[in-house]
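In the two complexes below, chain A is the common chain; its partner is chain B in one and chain C in the other.
Coming up: the complex of A and B.
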C-alpha cells in the first residue's frame, strides 16, 4: 500500500514539474502567445486582434504569473490539454491516436528483447566462464556502448540501403515494425542478457539447486522447476528500469524511422514550439513511466512472495 | 533502482577492462586536443570543389558534402560535447554531493523534500527532461549544460545520501563525534573515502549518458544546430552520401563508439 502511495506522490510531482515547465515555456514563447493560441483555436485565417484579446483576457496572459499558473494547472487537473498550436486539433485526440503506434512498437520491442536476451543469458549463466558466457559479455558490452540512434543508423545502412531487404522508414505494414523494434530490442537485450546471466549464475550456485540435481532432476527439470521463476524476478525489476531506455529510445527511434508515435510527436512539438502538444506528450510519457513502474512493483510481489515489506 | 557497487578495498582499483576503457578515452582526448595543432585548419571553411573528396594531407579524413574537412569538424566536436558534458557532470556531481550529504546529515523535512524531488526527476526519462529544458533555455550549449546537470545530479545525490546515512550511523563516526570533531573533519575522514570510489563510476556513466544525449538529439535535429560540428549532426548530414563517401560517415561513428565504449569500460560494473 505504501508503495502505491509513493508512486502516486511521484505521479503528482511529475505532473507538477511538466505543468510548470510547459507554463514557463508558454510564457517565454517569442511573439504574442495570445495570437498563437487564438490561431490554434480558430484557425490562422480567422484570427484578429479582438480574438487575441479575448484569449488574452480569458487565460490571463497579460496578468501576473501566479494566477495564470494556477489557471494552467487547473486545466491540467481537469485533463484539459487544449488544442495543438500547429494542427488546431485537441491534444487529447492527437495523443490517443499516437499512443497506439508507440505502445505497439514498445510491446514488440520488449517481446523481441525478451526472446533474444534472457535465453542467451540463462544458457551463459548455466556455464559461467564458458565460451558462450565470454562471447555474451563482449557482445553486450559492445552493444551497450552503441546509442540507439547509431544502432538505427547501422541497421538502416546495412539492411535497408545496402541489402534492400526491408524499408528504411514507414508505418502500416508488418515489416515496418522490424527495423525500429529491432533497434530498441538489441539495446534492451544487451542489458537483459547480462541480468539473466548474473541471476542464473547466482541461482545455480545455491544449495537448493544442487539439492534438486542431487535428488535426480535433470538439468532441464531443475531449470524449469527452480530456475526460471527465480531468474524472472530481477528481470522484471529491470524491465521497469529499462522502460527509461525504452521511452528515450521511442523518442529517438520514432524520429529516425518516421514512426507516427508519441516520441515523434514530442520531437516535432518541441521543434515547432507547440507547447500544448509538448505538455500532453511529455505527461503521457512521464506518467506512463510511473504507471509501468507501479505495475512492475506489484508484479514482482506476485512472483516473489519474499517481497512483502 | 540502480545502485553502483562499492568496490572492495582489497580488490585492485584498476582491473584490465578499466585500463582499456581509460586508453580509449585517452586516445579520443588526445585527438581532440592535438588534432588541430598537428594539422591546423578551419572546421567551417568550405570548398565545394572538394565535396566528398577523399583524404589529403590538409584533411586526413576527407571532406564532407560541403567540402569541409571531416577531421577538423571531428576534432572540434570532440572538444565541444565533452566540454558541455564535463561541465554538466561537474555541476551535477558537486550539487549531488552537497545535497546528498546535507540530506543525510540534516534529515527532517529537508531530506524528505529533496528525496521527493529526486524521485520525481527519476520518474522522467532523462532525454525527455533534456528536451523540455532545451525548449526553455535559449542557447543550445547553455541549455544542454543546464538540462544535463538537472538530469545527472539525481544519481550522485542518491549515491551520496545512501552512503552518508550508512557511514553516519557507524560506531566510528559516533566515536569521532564524541571526541568533538566537527562536520568538516567527519566528511573528510569518514564520508569522502566511502563515496570517492563510487563517484568515478557515476561520473563515467554520467559522461557517457550526456554525450549520448547530445549526439542523439543532434541526430534528430533538435540538439545543437548546424553549422556547429556535432557527432550526431555530422552523421545525419553524411548519411545520404554513404555510398560516395563511406569514410566520411564512419569517422564520427567510430569516434562516438570508441568514446562511449571507453567510458562504459571505465565505469566498471554496477549491480542491483
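Coming up: the complex of A and C.
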C-alpha cells in the first residue's frame, strides 16, 4: 500500500517537473513562436506577418508566462491537457491516437531484444572467457556505441535500399515493424546481453549452482531450474532503466522511419512550437517511465522473495 | 563389501605432487574422518574422489564405487555418480540452496529429475524427507528464512534424495557456530545409518572426534597416522598428531591470569550499544590495564564485535562513556580483523601495503624487518599479494601491521576463526606474548569459550539476550573489569 502511495506522489512530482521544464524550455527557444505556429497551421509558403500576428493575438503569446503555466496546470488537475495550437484538436485525442503506434513498436522492440540479448548473454556467461564471450563483448560494445539514428540509416541503406528486402519507411503492414524495431532492439540487446552474461557468470560461480549438479542434475537441468530465474532478476531490474534508452530511441527512430507515433509527434510539436502538445507528450512519456518502473518493481518482488523494502 | 574403495590416489599440480598415494575404503555403517590442517590436501582428496578437481590439477588412481571402477584421471566419468551414488553435504549450506526456490522444491527436484519420479510423488517424498529431519512446517520457506542448521538439513535431504548411499561432507561446520557442531555430527551419523557410507573431511577437532569410526590424519599431502578414531584420539602415535590434538583449545594449559593495578588503557562505564535498532547489551562497565588480556565470548550476534568497535570509537554507543588513557595517540588504538584477506588491498603486494603504513606512521623500513623476525615470518612473503598467502601467515602479517603503529590497545576480533587449530594456537601464543612483553592491552573476542577461558585474564560472557557475566580470579585486588547488569 505504501509503495502505491509513494509511486503516486512520484508520478505527481514527475508531472509537475516535466510540465514546468518543457514550458520553460519552449518559451526560451529562439525565434518567433507565433510565426512557427502559423507555419505549422498553414504551411511555410502561406505565412506572412499578418498571419503570425493573428495567431499571436488569438493565443495571447505576448502575455506573461506564469499565468499561462498555472492555467495549464489547473486544467491538468481535471485531466485536461488542452488543445493543440496547430490542429486545434484536444491534445489528449492526438496522443491517444499516436500512443498506440509507439507502444506497439516499443513492445515489439523489447521482445525482439529479449530474444537476441539474454540467450547469447547466458551462453557466454556459462563459459566466461570463451570464444562466444569475447565475441559478444566486442559486438555489444560496438552496437552500444552506434547512435540510434546511425543504426537506423545503416539498416535502411543495407536492407531496404541495397537488398530491397524490406520497405525503408511506412506504417500499417507487419513488415513495416521489422526495421524500426530491429534498430531499437539491437541497442537494447547490446546492453541486456551484457547484464545476462555477467549475471550468469556470477551465478555459475555460486555454491548453489555447484550443489545443484552434485544433487545429480544435468547441465541443462541446472540451467533451466536454477539459472534462468536467477538471471531474470537483474535483467528485469535493468529493463526499467532501459526504458529511458527506449524512449530516446523511439523519438529518433520514429522520425527516421516516418512512424506515426508519440516520438514523431513530439519532434513535430517542437518544430511548430506547439507547447501543449510538447507538454502532453513529454508528460505521457514521463508517467510511462514511472508506470514501467512500478510494474517492474512488482514483478521482481514476485520473483525474488528476498526483496522486501 | 566396501561402498567405496580408492587405491593409490594422487593429485599433481603439473609435476609436483600435492597428495601422496593414498588408499582408503568406506564400509557401511563405519564413518571415515580425514583430519588435517589447511593445505594438508584433505579437500583435494575429496575433490579427486568426486571428480571435481580444478582443471589445472590432475589426479591418478582408481576408485571403485558400487559396481563401477573409475580412473580419477578422467573426472568426467564421475558425474554420473553425483546424487545417484554419492551425496555431498556442501560447505556453507545457506549459499548452497537456490535463494529463489522454496525448501521443498529443492528436495523434490532431485526426486523428480534424478530418480524420475512423477511430480506429485516427488513432492510427497520431499515432504516426508523434510518431516523426518524435523523440518515439518518449513517446506514452503525460502533459504533466507531458514536458520543455518535448517538450511543444512534441507541441503542434506536434497543431496540424498537421488538415492546415494555415500555421503561426503567437506568441512560441514564451516560458516556454522561452534554450538552447532554436535548437531552436524549427529545429523551425519543418523543419515548414514547401518548401511550408508560417511566420509567427513575437517580440521575441526570437535567434529572429528564425534562420529567415531576410523580416522586418517593428513599432513602436507601425506598420511601421518590412521586407525580407529577412538584409539588415535586416546593414544596418538605420531608427533604431529599429538601436536594437532594438543592445539585444540580444550586441551590448552590455562594461562595464569594476572591482575592489573596500573591505570587502564581503555575503560568504559555503563555502556549500551544497539545495531539496526536492536539493543545488543546495556550497562557494561570495564577497564583494561596494560599487558592484560580481556576475553569476550558468546554466540554470534550477541554484540561481541560491537563492544570492541564501541571501545575503538568505530560505532557510537547509545549510552555510557568510553575513556582512553590520556596522552595516547589515537592510532595507538588498533583492530585486528577476522578475515585477513579482506583486511589487505587485494591488488597490491603486502610489502607495498606495509611500506604505506610505515610512511604514515613516520617509522622506517627496519621496523618491518625486525617484526618479521619476531613473528617468525619469511621476508619473501612481502612480495606476494594477500590472495597468495596462507591464512595463518596473513593474519600474522596483519598483526605486524598493527604493531607498526606501536599500539597501546588492540581489539582482536575472532582473529583465528578461519585458521586451523595448529595455526590458531600459534597466533594466539604470539598475541599473548605481545600483550605481556609490550604491555599492550588486548581485547580478544572469540566464539570459542575454551580458547578464551584458557587465554584471558578476565572473561566477559555475553549471551544472545545481551546478559553479561564476568569471571576473573578472586585474588585480584582491583577488579580488571566489572559488569553492572
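FYI, the second predicted complex is superposed on the first by the 254 of 309 C-alpha atoms of A that agree within 3 Å, B and C clash if a C-alpha of one lies under 4 Å from a C-alpha of the other, contacts with A are read in each partner's own complex, and residues count from 1 in each chain.
Everything below uses one rule, namely that a contact is a pair of C-beta atoms (placed from the backbone, for glycine too) under 8 Å apart; a residue touches a chain by one contact, two chains touch by 3 or more.
All figures in this text were calculated on a predicted structure; none of them were measured in a lab.
A simple residue count on chain A separates chain B from chain C, and the partner touching more is B.
Looking at the shared chain after the overlay, A:216 reaches chain C, while chain B stays out of its contact range. In the superposition on chain A, contact of A:293 is made with chain B only, not with chain C.
Within the superposed three-chain model, A:252 lies in touch with chain B and out of touch with chain C [touch as defined at top].
In the superposed pair of complexes, A:303 makes contact with chain C only, with no contact to chain B. In the superposed model, A:142 makes contact with chain B only, not with chain C. When the two structures are aligned on the shared chain, A:266 is found in touch with chain B, with no touch to chain C.
By the touch criterion stated above, A:55 is placed in contact with neither chain B nor chain C. When both complexes are overlaid on chain A, the residue A:21 reaches chain B alone and has no touch with chain C.
Overlap of the chain B and chain C contact sets on chain A: empty, with no shared residue.
If you check the complex, the residues on chain B that touch chain A are 1-2, 116-117, 119-121, 123-128, 131-136, 208, 212, 215-216, 219-222, 232, 235, 239, 242-243, 249, 253, 256-257, 260-261, 263-265, 272.
The residues of chain A lying in touch with chain C in their complex are 206-208, 210-217, 221, 225-226, 229-230, 233, 303-306. Within the complex formed with chain B, the residues of chain A that make contact are 6, 9-11, 13-14, 16-18, 21-22, 24-25, 28, 141-142, 144-150, 153-154, 156-157, 161, 195, 234, 237-238, 241, 244, 247-248, 251-252, 255-256, 266-267, 270-271, 273, 278, 282, 285-286, 289-290, 293. Residues 50, 52, 79, 82-84, 87-88, 90-92, 95-101, 109-110, 113-114, 142, 144-145, 155, 158-159, 161-162, 164 of chain C are the ones that touch chain A when the two sit in their complex.
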